[in-house]
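For reference, chains read A, B, C, D and E in written order, and residue numbers begin at 1 within each chain.
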Amino acid sequence: MEPAISPVSDSQRALGAPETPWRRFYRAFTGSKLAVAGLVLFVAIALIAVFAPLLAAQNPYDLAQLDVLDGRMKPLTKASSGALTYWLGTDDQGRDILSGIFYGLRISLSVGLVSAFIGALIGSSLGLTAAYFGRRVDSVIMRLVDLQLSFPTILIALMILAFLGKGVVNVVIALVIAEWAAYARTARGAALVERHKEYVEAAEALAIPSAKIIFRHLLPNCLPPLIVIATVQVARAIALEATLSFLGVGVPVTEPSLGLLIANGYQYMLSGEYWISFFPGIALLLVIVSINLIGDQLRDVLNPRGQE
Amino acid sequence: APAGSLNIGLGGAVTTIDPHFFNATPNQVIAHCLFDRLTERSPSGRLEPGLALSWKAVTPTVWEMKLRPNVKWSDGKPFTADDVLFTINRARNVPNSPGGFSGFLRDIAKAERVDDLTLRLVTPAPAPNLPAQLAFVAIVSRHAGEGASTDDYNAGRKTIGTGPYKLVKYVPGDRVELERNDAWWGPKQPWQTVTFRLIPNPAARVSALLAGGVDVIDDVPPADLPNLSKNKAVHVASIPGMRLIFLALNFKAKTGSKWATDTDGKPLAKNPMLDRRVRLALSESINRTAIADRLMQKTAVATGQWLPPGAYSYANSVKVPPYDVGEAKKLLAEAGFPQGFKLTLQTPNDRYPNDAGVAQAVAQMWSRIGVQTTVDARPWNVYQRERDDYMAALWGWGSPTLEAGYLLSNVLETPDKSKGHGVFNFGNYSNPQLDSLTDKAMSTLDDGTREKLLVEAVEMASRDVAMIPLLQMSNFWATRVGYVMTPRMDERTLPINVAPEAAK
Amino acid sequence: MTDIIDQHAPPRSDVVLDVRGLKTWFPTRAGEVKAVDEVSFSLTRGRVLGLVGESGSGKSVTGFSIMGQLEPPGRVVEGSILFGGRDLTTLDRESMRRLRGKRIAMIFQDPMMTLNPVLKVGTQMIEAILAHDQVSKAQARERSTAALAAVGIPSPAERLSAYPHQLSGGMRQRVAIAIALLHRPELIIADEPTTALDVTIQAQIIAQVQRLVRELGMTLIWITHDLSVVSRLADDVAVMYAGRIVEYGKAEDVLNAPRHRYTVGLIESVPSRNRPGERLRQIDGITPSLLALPTGCAFRTRCDAADAQCAAAQPLRTHGTHSHRCCHPVAAHEALR
Amino acid sequence: MNTTSEAGSDLQAAAACGARRAEVPIVEMQDVSKVFAPRLGLIEKGVTKLGLARPAPAVHAVQGVSLALRKGRVLGLVGESGCGKSTLGRIAAGILPVSSGRLMWHGEDVAHMSAKQRRRGRLRTQMVFQNPFAALNPRMRVSDIVGEAPRQHGLIDGPVAPYVDEQLRRAGLDPSLKDRYPHQFSGGQRQRIGIARALAVKPDVLICDEAVAALDVSIQAQIVNLFMSLRERLDLTYLFISHDLGIVRHLSDDVAIMYLGRVIEEAPAHEIFSHANHPYTRLLLEEMPRIDTKNRTFPLVQGDLPSPLAPPSGCHFHPRCPFAFARCRTEKPLLKEVQAGHWSACHLNDQGS
Amino acid sequence: MISWIGRRVVQALFVVIAMSAIVFVGVNVIGDPVQVLVPPDATQAERLALIHQFGLDQPIGRQYLAFAAAALHGDFGRSFVFGQPAMHVILERMPATLELAVSATLLAVVIGIPLGLYAGLRPRSTMARTIMGGSILGFSLPTFWVGLLLIMVFSVQLGWLPASGRGQTSLLFGVQWSFLTWDGLHHLLLPSVNLALFQISLMIRLVRAGVRETMPQEFIKFARAKGLTETRVIGVHVLKNIMIPVVTVIGLEFGSVIAFSVVTESIFGWPGMGKLIIDSINQLDRPLIVAYLIIVVAFFVTINLIVDLLYTALDPRVRLEGRGN
């Protein structure tokens, strides 16, 4: 049975106003209030991250602006200098938690997004290539994937750290190395299905070069699962960065990401100075949940069965 | 927990039962329970008789020791000088050992048995610290230890000691179970069984204590101290420790580097650390008390030297450097840095208590006098790699001999591989005057004279700002009500120092 | 309009299925999809109805409406489905379940998809028996074996322990038919069961089904888009277009003397009715959307003879047993060239 | 359907070029075979050699088939599902390499061509696929689907848009729809896009792999008519693959019947439909659905399709053949000319003579 | 079958070879184990002795070859820190990790599958939405943060469960297990919940997706057309089809459970391999790191093998189609 053959709806499309895939996508996406809420939340968070320097009362990365004597202040206390109020308290260095969260969002988000993007780029290229050429190319790439998957990320992160020193860029590199395999597997899986569809054969019959077939024909058709994976991976990358920071191999201590803020405050958790860890934790939670909400809806929208 | 049993939560990892395999405090704790040493340290750091009842230098290079009579191994065989000779040999040659004990025996050129209970130790040069160093070497029995491997000790097959406890079970990574050795020569111990549980996670350790899973924990996280001190169900015990946190500066480089640049980011033409005024400015700009009280929550005290007050060779004249931003700025300007410069402060982030936090606090304070400081925190294993090139780096140093000379010769003396000098002097500080003073002190047997020389050396080093001492770490323990702990300067968490609390 | 059919309905006692004015609609965001609109037909015992129409004309939805297995949000909006005197549209779920497989059975189009790939053939047959009859497993197994044998599967006992993928397409369809026949239902709905099969296999299956229906006296609705299949098999033919039955009558009448112009177009475009090498006669244009049907005759946008009259609602016109919805019916004598 | 001939001059030139070599078949397959075998790594090979594992089964999709497509003619290829029709079509189009045998384009062995020649040759043999839903890239606009290849290969002199319009118009589509995506078209329209895409690279040969099978009856006729008019206008050569004998009969000059990877009969269309020789062909004709067949009871055809993984020995058809005798079970029958231009592979023919 | 196992093993060997080579070079790059291990006051001679003892004075290539040669004879070197055969140290810790990972996986199955089924069958219900929302949380929260919260709530605030360690263990097949004693189970609960949280969410999603994919299938319609009860349709027809991806993913994720146990173990003081590997990395204990990785690869291979066998058992189709591409 050809599930899609229904000239009725086809003709309706042919007759009605041409609806671009994007518009259709928009309509489907906005179908879920939860997802829209997630999107709004994410946009808000992204804006905060972008405009953090304008919004934050303090530059938490400028050590000269911090004062150890203001360390571990409760939420809503005034700074000893009187210049600002610590709405969410301070950490042990006297860093304003709210400002820290704003700036930390910047780091966490950019680390997450950039690493997911680069990982997606590398991973899906490799996955598509593996699926398209098959055989030896496939074996080699998939063994690389295996290798990656059985390698603890922490060890990779340490090696990167040793090779390149500490820094946000190096964390991104570590995350990319940790993440590309997921994309490669997904892309390969999707492409293996697409690869045997007749439009690919048609392109071959038309002597279209392999690179073009891979990137112009296969890639766009493998995008839905990749986009879904990407949202999950962004969230995963942010969480992983937090974990790496927790284990002491993440971003530089003086420029804490959300994860590092949490990790730093962790020792104060039991002693009642909960805010150091708690509020960044909530921020991290919001980020990841908003991304996942979006990803969830994407999954439903991009899945052809899920429509209507 | 049933009466007569004691559960201790240890923060560190016990990696072996073999007392000569790897020198780490948790291993020493276990060894301390199972074995005895020739000399012992009291909790406050005094040297006391152990298996040796007395010792004296019969010549400047020969120590003679009288051994304790009627001591029995836990299998009932008698303890003799032979066992000591065997131990001295074994401790230096444990197969596959990553080392750690030969350092304490370095000064022994030859060990001789005079009779069953008398021993002579010959040193190549006068070695006033030898008895103190022997407090680190557990004495094992010859009859059991001959041919015994580390595995044999771990499995308990050859773990025959003279100590207050006997090994019941060792579960790597999890626990060590001991039972009382009723034949021990010392005072009768109140604990029939002792279990050490390894709980590296600080929060978990505290909650285990609060939940009653363990009776004593060591390495109390500073963040929890205020609450634990308030808690009626818990006692906190503390004592100033022998561990110093200090900043080492670079004396080797002639110019600045990527870690010491002008305000535009170009390496400085001249290494600023070579200027005493800069060093002094850096030292005086640090509010040590704030760090100790606020950041470390009083788990450390501000210091200008490296032993707790009252310790042997403590220099009363050397005060905690004053916190004086104005003076520091002035000194900087005098040294030719009115605008300051950029500096990277290196620190490990998993080695010393709140190491990266201390570095950040220092960086804050330096930034306020115009030295714009970046903190570069790395895990200990990576931290080591470039240690010789750091411009300013945070390190810790313990003085197990509890006298000033140990740090002087290892950290401040001009590095000399052949003599074993300055092995921890990564910044290459070199002061010939200090070197000769140190050498002189270290070969003087008379305690009084030696102390004078040492104090003089301490004063000299601090005048020259050879390094920037920051904090003297205190050691903390917490026990549940019903247990009292006598805190020890040497960080060890020993059952012999825990007693049931007298009912009130 | 239904009364027109009623006139020709055979005596009541013999009527197995009586569908009257069935409307099955799917509410969607874009509007109400009238997948089945005013469909009426009735079947007496032992007769074979060929339900013909192009893709999307509502054939399957008609079948699923009878089975009570519409996919949400589809629902029967109006009309009744009388089966054995009971209106299936008002039956509760459990009673409907008892009916399904027991008294009404259905065979689907794609034999590759209708059997659960991870369950053995035997399991799938036995569970179908146990769902309705309280017999022992051994008895059920025996009955299954017999059913497989009846549809011409060699060594049926062994096939029971085979997985569907181990059987060829024709075999699988035969298994599906055997399952449908397990309880000797009064009514079988066969939804294009041979479309996915090869000609030779198709012929075998059609022959077998025909034989079984005759022997067991079952009533059959055979859904297909292939007129030639219908011509072999059906007693009655209903031609559907855009959710409606546009022509309905005895097979020989509809196929030899079609009245509706859509039926004519369908028949004439078959290659064997054209001279090789010449252009086939074709119906121009495409099927209109069910969401935006033209008023009146849905076919009028594609019809040569259409005029203003066609925009009016088209009632079912009846001539004897032959009825259609066309205001310009093709005269019986000029129907086919 | 308008049939006025308005072929571009370039197309006429191409046709003329083909005409000069009329004698040489445009596409010729000589004794080609195609085996789909699971790829074996070193270890599998070793293990199989040691007898520890059974060798994975190989599918002999096409076995020793020789066919020629002659200029301007339509060859119909008929056979049951899985008998290797598509595989043969893909081999002819140069998409699938042969396992053995030779593929010749314009008399030249493809195996000896340079990569560039092969690309050119491949362009001149285009395919139209069965499934109009899978054959178009759903993420490309119609203009890109049709225009991509000619642009890639520099076949367009002037601007692209008019060229694409022309291709669409020729396939019976309104060029104003070219900015839409495939999902906005009906099955018949999509098939037209597929045809426009194939014709945009100016091929001589069109391989239609069940090109109308998925379409509704009423649309089927439209597309068949389009094929016929295009053939006249562009002097195209077709390999028309189908299991529908009715359509094949309607369209083809010659017909080849395949059974389980082998061609068992080949002859001009009228010859096949009037004097079928092979029992299988006769069976097919017998079962050929006809609308005028009256409601009747038919004799049962015996047997199921054998598995291509384990084809029967000798004549592949023998288990289902009513006339099979001992020799059919052991010996593979060869194609023999039973009439002028009529070839059949059946041992029965030997018995008669 | 045999050939396929053979291929797996050879591939695993390649992975091990590549990985151990990377580790050899990598550890060298990270730092010098001697500097990490040696006491700060050690003299040069003592350092040199240690370097020689560890074989670090050899060129890295030579070291690797020596390792490889010894490994062929089953000797994977001695831990720098423990001085014992590295493999022995790891294997000693393995049961604890396995126990944790298995119980986490069990939790995931026991909790995840029913919830996923429900969410898939009634996708629009409030309950289903709640489940899916909850699964987002389980997906999103970093393991270490959840672990801390668990300790905070259940150990510190409520005092119900111990925060650390394995508790009383008991001997079975010569190995100590926690799950055999009440106290051990107590200790096991929090860490395995912590570790399972991600898996539970994954399982919910997977099952839900599977249900949503299977429900519209023709064979489900056909099963209903046979008059089967809904219980049987879902319990047999749907569930059995879903089990295939579930088993695959459980298998694949088992690897990552073990990897993530690094975090959980260090938070809960669970004496397993994960904590060991963190310590080993910190101490640059190369033989241990290599041995750990070899074990992990062996795990992966074994698990994949088991998964594939289960796969075959669950999905009869793969048998015929063979395993080649």
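We take it that contacts are C-beta pairs under 8 Å (C-beta built on N, C-alpha and C of every residue); 3 or more make two chains touch, one makes a residue touch a chain.
Chain-to-protein mapping (UniProt): A, E = Peptide/nickel transport system permease protein; C = Peptide/nickel transport system ATP-binding protein.
Note that the structure is predicted; figures quoted are calculated from it, not measured.
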What are the chains that chain A and chain B both touch? E
Chain pair with more C-beta contacts, B-E versus A-D: B-E
Identity of the chain that, by mean CA position, is farthest from chain C: B
Taking each chain's C-alpha mean as its centre, the one farthest from chain D: B
With centres defined as the mean C-alpha position, give me the chain B-chain E separation in Å. 38
Separation of mean Cα positions, chain E and chain A [Å, integer]: 23
From the C-alpha centre of chain A to that of chain C, how far is it in Å? 51
Roughly how far is chain B from chain D, going centre to centre by Cα mean, in whole Å? 85
Residue ranges of chain A touching at least 2 other chains are 1-2, 5, 7, 10-11, 14, 135, 158, 161-162, 266, 269-270
Mark out which residues of chain C touch at least two other chains, giving numbers and ranges. 54-55, 110, 113, 286-287
Residues within chain D bordering two or more other chains: 39, 186-189, 216, 219
Quick one: in the complex, what on chain A touches chain D? 2, 4-5, 7, 10-11, 13-14, 18-21, 135, 197-199, 201-209, 212, 216-217, 220-221, 223
In the complex, go through chain C and note every residue touching chain E. 67, 69, 71, 97-102, 105-106, 108, 110, 113-119, 124, 127-128, 131-132, 163, 165-166, 176, 179
For chain E, which residues are in contact with chain B within the complex? 30-33, 35-46, 49-50, 53, 78, 80-84, 89, 92-93, 96, 148, 151, 155-156, 159, 162-166, 169, 176, 266-269, 271-272, 275-276, 279, 281-284
In the complex with chain A, residue positions of chain B that touch it: 202-203, 206-207, 221-224, 226-227, 287, 290-291, 294-295, 349-350, 354, 356-357, 359-361, 363-365, 367-368, 372-379, 381-382, 385
Of chain D, residues touching chain A in the complex: 39, 90, 93-95, 119, 122-123, 125-127, 129-131, 133-140, 148-149, 152-153, 177, 179-181, 183-189, 194, 197-198, 201, 214, 216, 219
